[in-house]
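This is the structure I have questions about; it appears just below.
By written order: A, B, C, D and E. Residues from 1 in each chain.
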Amino acid sequence: LGGENGSDEIHFYTDYSTEGWQDRWENDLIPAFQDETDNTVNPEYAGFQGDSEERLMNLIQANDPPDIHVETFYTAADIWAQGMLQPMSDTLAAVEEVNGDINVETFEDEEGVVSQGDTFHVSHGGYTNVLVYREDIYEALGLEVPETWDELVENAEAIDEAEEFDSTRGFATQAGVVGQSRELFWMFLYQNGVDTHQMEDGDVEVWVPEEEAIEALEYLEELSQYSPDPSNLNWGTSLEQWVQGRIGQMYHVNGWAAGVAAAEGIDPIAENTAVAPLPRNDIPVEESYMTLPTGNGYMVFEDGDDPDGAVEFIEWLYADSIERTASLFEQEPMRLLPAYDDVVTSDAYENLDYFQEWPEHLEINQQIQEEIVPTYGQNVDESPTTGAEQYALSGYHYADMMNQIIVGDADIEEALADAKEQAEERLEEGKELTGGW
Amino acid sequence: MTVNISNMTRVFDAPDGRIVAVDDLSLTIDDGEFLTLVGPSGCGKTTTLRCVAGLDTPTSGTITVDDRDVTNLPPQERDVALLFQDIALYPHMTVRENMEYGLKIAGVPEDERRESIEEAADLLQIGDQLDKMPASLSGGQQQRVALGRSLVRDPSVFLFDEPMSDLDAKLKRELRPVVQRITDEIGCPVLYVTHDQEEAMTMSDRVAIMDGGELQQAGPPKEVYDEPTNDFVGEFIGQPAMEFFDAHVESANGTAAVALGGHTISLDASADQLEGYVDRDVRVGVRPQHITVADATEGIEAEHVLDEPLGDETHSLFETEYGNVTVVTHADFDGDDGGEYGLVLERSETQLFDPASGVRIF
Amino acid sequence: MSAPTESEQRLSYETRDRLYQVALYGSAALFTFIILFPIYWMVQNAFTDSQAVITEFAWFPSPETVTLENFSVLTAGAVPTYVINTIVVTIGTIVLVVAVSLVAGYGMARFRFKYKESFAQFLLLGYMFSPIVLGLPLYLIWSETGLLNARIGLVIALSAISMPFAVWLMWKYIQTIPESMEESAWIAGASRWRTFWDVVVPQTKPAIVACALFAFAIAWNDFTFAQILLPSQDSTTFAPGIMRLIDQGGYTSWGDIMAVSFLMTIPPLLFAYFLQEYLLKGFEVRTR
Amino acid sequence: MASETVESTAATDRRSVTERLGLDSEAIRGWLTVLPVILLYLFVAVTPIAFAFYASLFEIPLLAPEWTFTGFSNYVEVLNMGSFWSALWLGGLFMVGSTVLQLLVGLWIALVLNKISYGQRFLTAVAFTAYLVPTVIVVLIALFMFDVEIGVLHIAGSNLGLWGERTFALGDQTWAMPLVVLIGSWKFSIFVTIFTLAQLRAIPERFYEAAKICGASRWEMFRDITLPRIMGVLLIAVLLRAIFMFNKFDIIWMLTEGGPAGATTTLPILAYRTAFLENSYGLANAMAVIMFIFLAIGAYCYFRAFNPAKEVDT
Amino acid sequence: MTVNISNMTRVFDAPDGRIVAVDDLSLTIDDGEFLTLVGPSGCGKTTTLRCVAGLDTPTSGTITVDDRDVTNLPPQERDVALLFQDIALYPHMTVRENMEYGLKIAGVPEDERRESIEEAADLLQIGDQLDKMPASLSGGQQQRVALGRSLVRDPSVFLFDEPMSDLDAKLKRELRPVVQRITDEIGCPVLYVTHDQEEAMTMSDRVAIMDGGELQQAGPPKEVYDEPTNDFVGEFIGQPAMEFFDAHVESANGTAAVALGGHTISLDASADQLEGYVDRDVRVGVRPQHITVADATEGIEAEHVLDEPLGDETHSLFETEYGNVTVVTHADFDGDDGGEYGLVLERSETQLFDPASGVRIF
């Protein structure tokens, strides 16, 4: 089976697809690349939840996978586990040469646990989990940036009940049946001092201690009463509601929310969106399982039509000059933080038109880079990172559980037990696929 | 029961102006009387009937039944029976269900219904068709069923709108006596609409002839045949239709005579009787039965066109200076096509009409 | 029949009639409201400043917030492409459906062949399979035959799913056209094909309109097929296109969406207004 | 009826006519005319369905090109899934609720449109438009109208006390299903209306006049004339609607994605999730096949009970 | 041109067995001859005609036109014109387009078409209707257009299938001469199908009466009226229909006589002429025109049922031991309902039929 795409075309399947991105790809980057090399790039923009997967699956089943696929690595762990991705260590090295060391979790670490020495992912940027809040509201209501769960819920209640912010809810509790809700659950697990998996005798196993998990879930359930419809909340819809001023605090990544508000020209929100570390339950920072930023970027399919061209394209984008790398952040600068140490501090980055217009947003990014990430990275060593675990995490069973509990009226213990069971199944599957680790 | 229509007018608003469908019509139908409304298409027969049934409302005028003013009553409250031209049997009901529908609506109990239906069915000779669907019956049988449906209800007024015009000649002749017998039996006023003068003549106690929404004449069949009030009635009633000739009235020694086709026909009337018409133009009307074919030397000059032999008589068509003229000739008559003949009008049977108003003078 | 006094009877009848009229026009008003209100809401917001749309609730458009600005979305980015693609695909589908179902309907009405009814029922079976899982095989077949990303490919797919109903409608409708008309044309010397064109087709107009409408509804409405078969940005149609738009931004302006929706609602309205007589006649399947 | 005889008469004759018209055989010509339909159908329906049947016998993680033959184990798994049975129940609820509502509303609108004399043309156009507005738009408008802050229906509903001031009605477990049914019916009821209205207009006025003369009230006329006359198309419309609604995917998915907490997860939603979110294409196909079998059995029973085809003249 | 049908049989396979629609029919239509096929519904008229047109094929037998065997030719190659009962005008074409359709197919150039159509339209008096749509014409006008459509093609055989049965009596009478004139002018063989004996009698050169798929008699109108071959023809032709009485043949002094109703009617025949029927039962047929109403003392006892006055004559219905009998009485006749009368058969006009086979004996 062969697609309709000529074999010399680089099929570039990306979710860097806002109108700004599309414009940039089609009118700037791709023509420039094509001019400089003999390649042709055929960009295709990933659709929304479900359809994007469907499309990718169609392509794979038709034996015509895209050459480049853009996604956060762990969400594509199932693809990787099937052995369809091409090692990218050399490319990454070349990129690091230009942009400095990579600073996000890409599962290429010294021990090479995940990738057995190879990396399969060239990140564009990183996602950092943060608490997003509205500065103006905090100020108006005299709230403090919360550090603990108790403070968070108090803030939520205060915002929810404040008359002057009538349409603004206290805290977005994402509980969609797929998507962000699983991450929300993980975050609250981590902040309660536990993780989803742990290592036991060099072997990864499902952990999720019942007591802490239930505590977290109960707390989330409590929070959800200050939330707009939880079932409807996801990465995208959370942002949408944020921009509409309907949420006072939420869990999200980076300063994305501020960026969207700015892009839509809703300045009051853009100006007042601030970020902070996610609050913990009653435990010291050291005991919480915080994570490094997660890399989002490029993967190359081994069986694509033109994997070499794909690599060439990625290198052209990132390994050519730090200026070009930095310029790629002109689009969605707040969604992803540069994944390479040198970029964020480079003049090219700081001088982006966007940051000229929104200096406070550059500050947010710096705040994340300099304060939040260092505080958060500390326990990451204790967190296992094996292929099987990544594979297990790419399922949506915890999202489903969240949905059952927060939107539905499922019994917490039962739902948790069910989800854990599925997690275990999935982990087994993952081990099978990845050869046992 | 007596139905009385007085000064009824019905005007329709049509895109291209107002249509006066019925114009100041007054008519009484006595109890047990069979009155036929006859006239050409579009003359307002159906409209009149629908007003009586309550399916339409007059623009002005009143309709009373036994002195009760029903002009604005809905059909449901009038207790009339109505038989349509297009039958209107319900295709989804059996013959029996069709027939008992009115009774069912009226709340007549099951067994009573059964009885009256079987009675009616026997009368109409459809007793063995009761459990069939209407679609499997012939046209004549269907019309019988429709008749039965109206009849079992024992209505106080019986209305018919061209119930037989879709049936063929044989069936018509067969059904006519049936309708007459049944309406006789019920004994209520009957208003029967048709455009077929033969039907009107053969069935009615009285015939009312309409044209252009106006009543032309109403009277027993014999009367309207023999003494039409105007040329329209004269031509409309009777078959083949009356023939007309333009003529001039002369007075010969006090006796009136008409000159036409180069001849003079003296009439059974004195010149006084035709006062005002002497020396003026009139139209002479004669029925084809009262024209005889003679040699070319006599009567009106005529060229033979064709013969239509009917077995017991022949209708012969001639071309004359007055246009085509039909003559009823003997069964054995066989004219030469294109041959010259003379047409002689029977003196005693000529009628005179005013050329402008069409009113019969004599 | 019992005879209540005249006045009583008339009164009760008139009251009943008035009640009936009230119920009738009340009903009409009610469902018109139910149907029109969302459309009104859409139109109103299409003409409202996009910031006001999400912040101020208003029953009626107010002069301060009325704007045509939202309609600029119609010329922005890929929206015009989506709309044009939708129109092309819809017209293509209508043409193909009408042509194929006309011929098939004629054949079924006028030729005698075995298994005709079974064939009709077999077509209906196709409707019973949930289309959810058919995306992959369709994708495979389409990429195999080079129809992927070609509007004609979508036209073929949409035509096929409109087909069972369209053929059935044509079949039933052509049966109502007296055959004697064709016979008289044969006698006049016209061939069967010529007769089909000269005599049958013109008289099938209502059914053609009805089938066209049905095809229109399917093509104009289609989301799933277009999503699978026209993945490329340049060839995709309105429904998946607008979903992509909504998805990309992370935030979408309701005003823009309502403006696009408004545009997409106009053709159906015109269709329904001007062709309803034909359409109803075409749908008039004789029962019993 | 007379016309029927004429028709059948002609039909018999035709065989010989066509033979003498220089045609090989009537049947060949007949099949030729439906050939394009058959080809299209093979291409777009039969082959994919066959493929789906075939795929249901494999374990297929969609992101891997390798298929593992597992025989009927997918079917066993589906039948053992609790979520399958609950989706079947919800799907049945959705189908029956939608069909009944659409039938009633569609019929109601048709009856009214048939009787009114003022603005009939415009109102008919309005009604038809609802059917022609793309589902995506219907969904978007619905989401907009149920928006918690500015949604007019949300505000109306919460003022009526149907749901809380801050409850997203489509995200509410009690309201999600009824609302999805309602929104679907807003669009699809008109399908029934179009069928019925066409039929109503074809009922000769004289039938009613004959009944009026018999003294029938409006209700009696409806019961005895209107209803029997439109029964045939109603039966067909109900069958089609039921099939369409049972397989309905887009409107539910776009409105609720099967939520909240599975309250609107009907079988097609479940199959979709299974295939594309849980990545088990073979299992999803087994589901689709089982759905197909349920529907076929249902349709068969329906045909046996009502025989809608017979109601419509062939 | 001569059309010759020989030994034609057409059998249909129906669900409930085979139907022999036409049974061994042989018939010749000469050039310029107007032959009418008449018979009750379902007797096979249409089937015969369709076979001649090529719309149907005989099961056995042959059809030739001028010695050319056309039995298996498709209609396109037969050059026939056919006028249907249901008119079959194309509703989507104007009158002109309808009329010129055949010519267009034949490739006749525009201006020639124009000419022949205008000629035909004038002949049919529809010259001013040419640009209207058929739906806006009256039934009669529509049938004229259909006629015109066939006529412009100048066919070599002209076929009519009850072209007037949907029209009312007046229109029929008006169109008949038109049809006759036109077919005369074209001068080809004409096969005209009707179930209306009046039409058959008035229009034809020869009438062929069919019943049950079999030909009963073929001959000029006068002949079939006066000398029916059997009781079916006797009853079918003529109006009102022939009345029949069961009787017994007696021989009185070598002269034959029939006894019925207690009387004896001596015939104009010798007993020898009725050889084999003397002293046996026969059926006596008399036309209602040849029955006279007398006092109850004379003739067959009869109770008066009703009168149908037609103006120039009256049809009176009587109940007798032989069933209902119609008598043509004088226009002024007005019987007492239920009154007793006697019916006298005109001796010279009685016909005798074999009671079993129906064949006329005398």
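In this section, a contact is a pair of C-beta atoms (placed from the backbone, for glycine too) under 8 Å apart; a residue touches a chain by one contact, two chains touch by 3 or more.
These numbers come from a predicted model, not from an experiment.
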Pair joined by more contacting C-beta pairs (C-D or A-D): C-D
By mean Cα position, the chain sitting nearest the middle: C
CA centroid of chain C to CA centroid of chain E, Å: 54
Centre-to-centre distance between chain E and chain B (centres being mean Cα positions), rounded to whole Å: 26
Intercentroid distance (Cα basis), chain D paired with chain A, Å: 40
Chain D, residues touching no fewer than two other chains: 21, 62, 149, 215, 229, 272, 275, 281
Shared-contact residues (touching 2 or more other chains) in chain C: 1, 54-55, 136, 140, 178, 180, 183, 186, 243, 246, 288
Touching two or more other chains - residue numbers and ranges from chain E: 54-55, 74-76
Chain E partner contacts - residues on chain C that touch it in the complex: 178, 180-181, 183-191, 194, 198-199, 202-203, 205
Touching residues on chain D, where the partner in the complex is chain A: 61-65, 148-149, 166-168, 170-173, 253, 256-263, 272, 275-279, 281
Touching residues on chain E, where the partner in the complex is chain C: 53-55, 74-76, 78-82, 84, 86, 88, 90-93, 101-102, 105-106, 149, 153
Interfacial residue positions of chain C with respect to chain B in the complex: 1, 6, 9-10, 13, 17, 288
Of all residues in chain D, those that touch chain C in their complex: 6-7, 10-11, 14-15, 18, 21, 26-27, 29-34, 36-37, 40-41, 43-49, 51-52, 55, 62, 105, 108-109, 112-113, 115-116, 118-119, 121-138, 140-142, 144-145, 149-150, 152, 155, 186, 194-195, 197-199, 201-202, 215, 218, 229-233, 236, 240, 243-244, 247, 249-250, 254, 267-268, 271-272, 275, 281, 284-285, 287-288, 291-292, 295-296, 299, 309, 311-314
